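The first chain written gets the first letter, and so on, giving A, B, C, D, E and F; residue counts start at 1 in each chain.
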Amino acid sequence: MSDTTDKGSLLVVSAHAGDFVWRAGGAIALAAERGDRVTVVCLSYGERGESAKAWREGHTLEGIKVIRAREAQNAAAALGAEVRFLDAGDYPLVESHDLVDELVHVYREVAPTVVLTHTLADPYNGDHPAAARMALQARVLAQAVGYDAPGEPLGAPPVFFFEPHQPEQCDFRPDVLLDITPVFDRKRKAMECLPAQQHMWDYYTDLAKRRGVQLKRNAGPNLGLPHTTMGEAYARVYPQVTGALA
Amino acid sequence: MSDTTDKGSLLVVSAHAGDFVWRAGGAIALAAERGDRVTVVCLSYGERGESAKAWREGHTLEGIKVIRAREAQNAAAALGAEVRFLDAGDYPLVESHDLVDELVHVYREVAPTVVLTHTLADPYNGDHPAAARMALQARVLAQAVGYDAPGEPLGAPPVFFFEPHQPEQCDFRPDVLLDITPVFDRKRKAMECLPAQQHMWDYYTDLAKRRGVQLKRNAGPNLGLPHTTMGEAYARVYPQVTGALA
Amino acid sequence: MSDTTDKGSLLVVSAHAGDFVWRAGGAIALAAERGDRVTVVCLSYGERGESAKAWREGHTLEGIKVIRAREAQNAAAALGAEVRFLDAGDYPLVESHDLVDELVHVYREVAPTVVLTHTLADPYNGDHPAAARMALQARVLAQAVGYDAPGEPLGAPPVFFFEPHQPEQCDFRPDVLLDITPVFDRKRKAMECLPAQQHMWDYYTDLAKRRGVQLKRNAGPNLGLPHTTMGEAYARVYPQVTGALA
Amino acid sequence: MSDTTDKGSLLVVSAHAGDFVWRAGGAIALAAERGDRVTVVCLSYGERGESAKAWREGHTLEGIKVIRAREAQNAAAALGAEVRFLDAGDYPLVESHDLVDELVHVYREVAPTVVLTHTLADPYNGDHPAAARMALQARVLAQAVGYDAPGEPLGAPPVFFFEPHQPEQCDFRPDVLLDITPVFDRKRKAMECLPAQQHMWDYYTDLAKRRGVQLKRNAGPNLGLPHTTMGEAYARVYPQVTGALA
Amino acid sequence: MSDTTDKGSLLVVSAHAGDFVWRAGGAIALAAERGDRVTVVCLSYGERGESAKAWREGHTLEGIKVIRAREAQNAAAALGAEVRFLDAGDYPLVESHDLVDELVHVYREVAPTVVLTHTLADPYNGDHPAAARMALQARVLAQAVGYDAPGEPLGAPPVFFFEPHQPEQCDFRPDVLLDITPVFDRKRKAMECLPAQQHMWDYYTDLAKRRGVQLKRNAGPNLGLPHTTMGEAYARVYPQVTGALA
Amino acid sequence: MSDTTDKGSLLVVSAHAGDFVWRAGGAIALAAERGDRVTVVCLSYGERGESAKAWREGHTLEGIKVIRAREAQNAAAALGAEVRFLDAGDYPLVESHDLVDELVHVYREVAPTVVLTHTLADPYNGDHPAAARMALQARVLAQAVGYDAPGEPLGAPPVFFFEPHQPEQCDFRPDVLLDITPVFDRKRKAMECLPAQQHMWDYYTDLAKRRGVQLKRNAGPNLGLPHTTMGEAYARVYPQVTGALA
C-alpha cells in the first residue's frame, strides 16, 4: 500500500511558526532526504502567544511577525522544506471557513501522501487543537469531487499527530516511534535557527534521546540500533493500511 | 526497522482449535507465501466451549478432541502453517505458570518476529483474554536472559490482536487493516476444513469484504485497489517502530 | 415508562439525503408499521460530499439537489416516513444558530418520543458530528419554556446514535441491537431507491445480517429467533428509564 | 425479545450478605411482585470486612456468620427472595474454579432471565470485582453444552451491574434508571433488617431519591411521574436486544 | 507551591445566575472566610433555560433577568462573594470572541489563584460546556504577554470543575473532596436566597451529606471527622503542583 | 486533612530492588528530610528480569540476589529509608495470598500515611502491575478490624502510582507534579549506588528536568521557581481530601 516508487509529498499543518521544528523536524528532514516534497503551512506566526521575549524587548506586532517568519524560513531551509504563512492570527487562532478553504486549496495543490498536525486536545494552548480540527476538516473536504477548488480530489493520506509539550495531558499516546537518528543533526541545526527559545534546544534534544531509548526498547535489542538512537513520537488518526504485518 | 532480508517467523497463540482460521487466516497465509515460518499454538481444542454440534451428536470428550485436532491440522496445512496443541483444557482455560512456561519455551524456540493473539477483553468468552494474557506474559519472560529456558533471549516482536466476534464489545479498535486479497482463496479453503461451523464460512467471507471496503476507504481511491479487496483488522499492542511515516 | 397507548413520534436528524436509509431504515419502518409518525429531517442533500457519481456525470449543483431529493423522497415513502430538506449545504455542513432554531421548531411541532441521529465523532465526515451536535442542542433548547418558539416545551425523548460507516473509528459501541427482521424487505426496497450507490445495497444487507447474528448471540439461543434475523445497532445518549430490568 | 408471558427468574450474585439489600433491593422487590423467582447468592457473609461493629462487640467469627446470615434472610424475606450462602470467605474473597463451578450449577438450576452483580472495578473493596468476575465467568460456562453440570445450557440472560458506594471511582455510569417507587417501602423494610448499619438506611433512602430525581429528568416531565419517584441505577454489560427503540 | 502568605483570589465562571450556589457555594464560603477575594462571573442570568417558574407566572424576559440578578446577588452576599453579570444570553449561551475577551479582562483584573467552572461535557445543558470552554480559553489567552488587555500576564492558576447535576453522564470523576462542614450553614443560607428552586435546597443538602460520607471514607476513620461532615466534589483540569505528597 | 503535626509514615511497595530509586527517589528523600519514617518493601530483587548484566557476567541466582540487595540497601540509605526484601521471586512475580498477607502485616506495623507503588498497567513488565494489585489489596484488607493480623486497623492513606518507563503505554497520566529540587542531589547519589545501570543515571536526571519544566509550566511563572527545578510525576488512586482548593 504505502510502498510506491513515486516520490511522496509531506504536508505539515502547524498553528505557529515554530511548532514544526520542535515537534516534527525529524520527520521533515527524513522526507526531504528521501526526495519527497515537504510543505509546511504555518497558520499564524505565533506572534502573540509564543513570542514573549520579543514583546518584552518592545517589538511591534508587525515587527514580531517579520522576525518569526525569517526564523521559520531558516529552520525550514535547514530541514529541506518549503514554508508558507497564512497569517491568520494567533491567541486565539480563530477557526473560519475561509481558512479551511485555503487549506483545501493547499491539499489539492500539493496532493500530500502524508499529513502531520497537532493533537485534538491541548489544555495549554487552544490554537493547537484549532489547527488540527481545520487540517482534518480540510483533508475531508479536499477528497470530495463536488468541493469547488482547483485540482484533483485528494486520496486518503494518513494523518499523524506530532507530540505536544505535555503529552499525557493532551491524551497523546505514541502509536509510532520514528527513528530520526540519520537526520538528527539537521533537526538540531533547524532548532538553532530559533534563537529566542534557546532553552528548547536541549529540551528537545533530551526528548529525542528519550523517545530513542523507547524506540530501541520496542524494536528489540537484536536489531543493532546504535546507543545514540534518536526518536520522534507520533499518533495515527486512521488505521494503517498494509500488505504485511510488521 | 521492520524491513529485513531474513525470513520472518510468525507465532499465533490461539485459545481454541478454530480461532486462528477465522480471525487470522489471511495474515497466516500471507506470511507463509512470503516464506516466513508460521507456528500456531492452540492452548486447547475448544472441546467443551466450541463444539456444541459434536456434543449434541453424542461424541465423547476425547473423541471431540481428535476431531477438532484433525480439522485444525487440515486448516493449518491449507494456510501453510504448523500447528501445536498444548491440550490445556477449555471452558475454562485455566491460567497457570506451567502453561506460561510452555509458551516461553515456544517463544525461545521459534523466535517470532511477529505475534498474533486474542484481545484482552471479551465478555462472551473468558478463554480468549486468558490466552492473550498468557501470550503477552510469556513474551516478556522470554526476553529476560535470567529466565531459565533454552535458547537466546527474545527480542521485542510486535504483537497484534486479531478481531474478536463482537469487536466493539471487546474494546477492539482496528489500528491496522491488512490486505488479504492475494490469499483469500487459501483462507476460504482453510475455513472449509471446519465443516461443523459451515455458517461461519460466509460470515467471515462477508467480514473480509467489509474490512476490505474500509481498507480501500483508508487507503484512498487513487491506489487502484480492486473492487473485491478483502481485509483483516488488527490492533497493535506496542508502538510501531519505523524509519519512515506512511 | 416507555410503554404508552398513545402513538409515538420518531424524529430522524440526518446530515445528508441518504444517511437515514442505510443507517436507520429498519427503525423507521418498524415505527411506521406500528403507526407512529416518522419525520426525517435532511439538513442537506449531500450534494457536494456524497454525490461523486453525479458530479462525474456533469450535473449542476442544483440538478444534483433535485436528483437527491427525489431519491430520498422515494426511499422515505418506501419506509413510511415524511422527509423534509433544510437545504443548509454540505461539505461543510456549517453549524449556525438559525439552523438550530429551525430544528427547535421541528421538535416543538412533531413532539418526538424518540430521536435518531449521527454519532458525535466521525473522522471520515465532519458533517455527521455537526448534524448530531445541532440535533442534540436543539432538543435541549426545545425543552425550555423560555425558548421563543411555538408549541409546548418538549419532554425528554431518548436519543439514539445510528451506526456510522466505520463504527470503531467513531467510538460507536452498540448499546441496543434492534430486530428489524419483520421490515427488512421494506429497508431493502428503500435502499434500491438510491441507484447511484448500488454497491451499498449488498453492503448494508450484509451488515444487517452481521448485526442479526450478534443480536441472536446476545438474546440467547432459547428465544427461537429465525436463522435470518436482521439487525441494526444503536448507541444510547441518555440512560434508559424503565419499570423493569430486561 | 424480552417480553414473554413466562415468569422470569432473577439471579443476584453478591459478595457479602448485605450488598443485595442496599444496591438492588428495589429490583428484587419489583421482580418478586411480578411473580418472578428471585435467587440471591451471597458468596460470603461479609464476616471479616463488613462486620466491624460485631468484631468490636467481641463476637467470634462463627458467631458473626450466624448473625449476618439471619439478618440477610430476614431482608430477603422482606423483599420476596430466596437467599443462599456459599460461605466462601471474605477479605479476601478468593476466586477459585470450585466456586465458579458452584455458580455454574446455580445458573443451570435457576435458569435466570436476568442477572445482577457488582461492578468490575472497585478500588475500595476487592471482593466486589472478584464476585463480578466469577458471576460473569460462570454465566459463560453455563452456556456451553460441553460443560459438565446438570441441567440445560443457559441462554444469554442480560447482566446488570448494581451501583457501588462511590460510583465514579468504580467507572460506574448508569445505563438504566429503574423506577422502584411502587416497592420502595419493601426496600426500606429490608434495610431495617440490618440493624448494625442503621446509618445506611437514610443514606440509601437519600440515594433512591437522588436517582429518582434523575429518572424523572431523563423520562421527561410529561410522563406525570410523582414528586417522590424513587430510583436505582444499573449499568448494562451486554447490548440490549429489542424489537422497538424506546 | 500552594502555600503562600498572600491572600488568594478565587474566580468562579458560571453559565447561569444560580449555578455557583448549588455547585460551589461551599468552596466560595471557605475562600471568603479565609479572607480571599471571590469573584463570581455569571455569563447569563439563566433567564430562558432555568427560570421555568417565572415564565409560567407570566414575567417578561427583562423582568426575569431582574429577579434572577437580585437573587444571585443575595446568594453571593451570603457567601461573601462579589458577583458580576455579563448578560450574554442563555439557551443558547453563544460562544464569541468578544465574550472570551471580556473574560480575559476579568482574569487580568482579579488575577485569580484558583478558578472554578463547569465540566466540558453536559448532555443536559449545552450552556455549561460553552461556559467552561470560554473560561479555559480566556485563562490561556490571559497568560500571553502579547495579548492586548490591561494588566499583568496571568500565572497558571489551577482550575477545578464543579459537580454537574448528573455527574456520571458528564464524565465527572471527583479528584478532590472538599470539606465544607465549617461553612455549610452559609451555603444553606445562600441556597435559600433562591426561592423558586426550593426543592433544590434539600437536594443539594443531601448531596453535601453524600459527598461528606465519601470524604470520610477517603480520609480514613482515624482523622476524627464529625459524623455530619459535608462535602463538595471537584475535578482537576491540570496536574497538582506540590512540594509534598499527601 | 493532610496537615498534621504528627510525623508521617511513607510506604513504598516495589516489585524489584531498583524501582524505588529511579521512580520515587525524590519523594522518599523529601519525606525522610521532613522526618517521616520511610519503609521500602521490595517484593523481589529483580534477580531474573532486571539483572541482565550480572547474568551475562556469569553470576549465580543467589549471587545476583546478594548484589542487588546490597545495592538497594546503599541506595535506600542514601535516601534515608529502610528497605525490606520479601524475596518472592520475579519474572514472574507470582501473586499469592501469603504474599498479600505479609504486606498486610507491614501495613499494620508501619501505619503508612502515604503509599507509593507501580501502575496497574505495564505491557513491558507484568511484575509491576502484580506488585500494584497486591499493594492495593493489602491496603484494603489492613483496614478491616476483622482481618486477622496484629495491630490497629489501617486508616485510608492516599496511594500514588509512580511513573513507569513508558508512561503513555501504561495509561499513566500525571495528577501530581512533585518538586524534588531540594533533594535531587540525594536522588542522584542513590542512583549512583546502582552501577550496573549507569545509563539510567542520566536518563532519570533528564526525566527529572523534563518533569521540572512541566511543573513550572503548571505552577505559573510568578512563583519564582528556579530554572533548574526538578520534578517527579505521580498519579492518584483515590480522590484528594482537603479543606481548601489549591
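Following the convention adopted for this analysis, contacts are C-beta pairs under 8 Å (C-beta built on N, C-alpha and C of every residue); 3 or more make two chains touch, one makes a residue touch a chain.
Keep in mind that what you see is a predicted model, and the values were worked out from it rather than measured.
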Graph distance between chain B and chain F, where chains that touch are linked: 1
Maximum centroid distance from chain F, chain identifier (CA atoms): C
Farthest chain relative to chain A (centres taken as mean CA coordinates): D
Interface composition of copies chain B and chain D: same or different, split at half: different
Separation of mean Cα positions, chain F and chain D [Å, integer]: 38
Chain centre separation (chain A, chain D; CA means) in Å: 52
For chain B, residues that touch 2 or more chains besides their own: 124, 169, 174, 214, 217, 238-239
Chain pairs that touch, as defined at the top of this document: A-B, A-C, A-E, A-F, B-C, B-D, B-F, C-D, C-E, D-E, D-F, E-F
Residue ranges of chain E in contact with chain D within the complex: 124, 165-169, 172-174, 203, 206-207, 209-210, 213-214, 217
Chain B-touching residues of chain F, taken from the complex the two chains share: 47-49, 51-52, 55-56, 61, 64, 91-92, 94, 123-126, 169
Sites on chain D touched by chain B in the complex: 97, 100, 136-137, 140-141, 144-148, 237-239
Complex contact set, residues of chain E against chain F: 1-3, 8, 10, 27, 30-31, 34, 113-114, 116, 154-158, 160, 174-179, 214-215, 217-223, 233-234, 236, 238-246
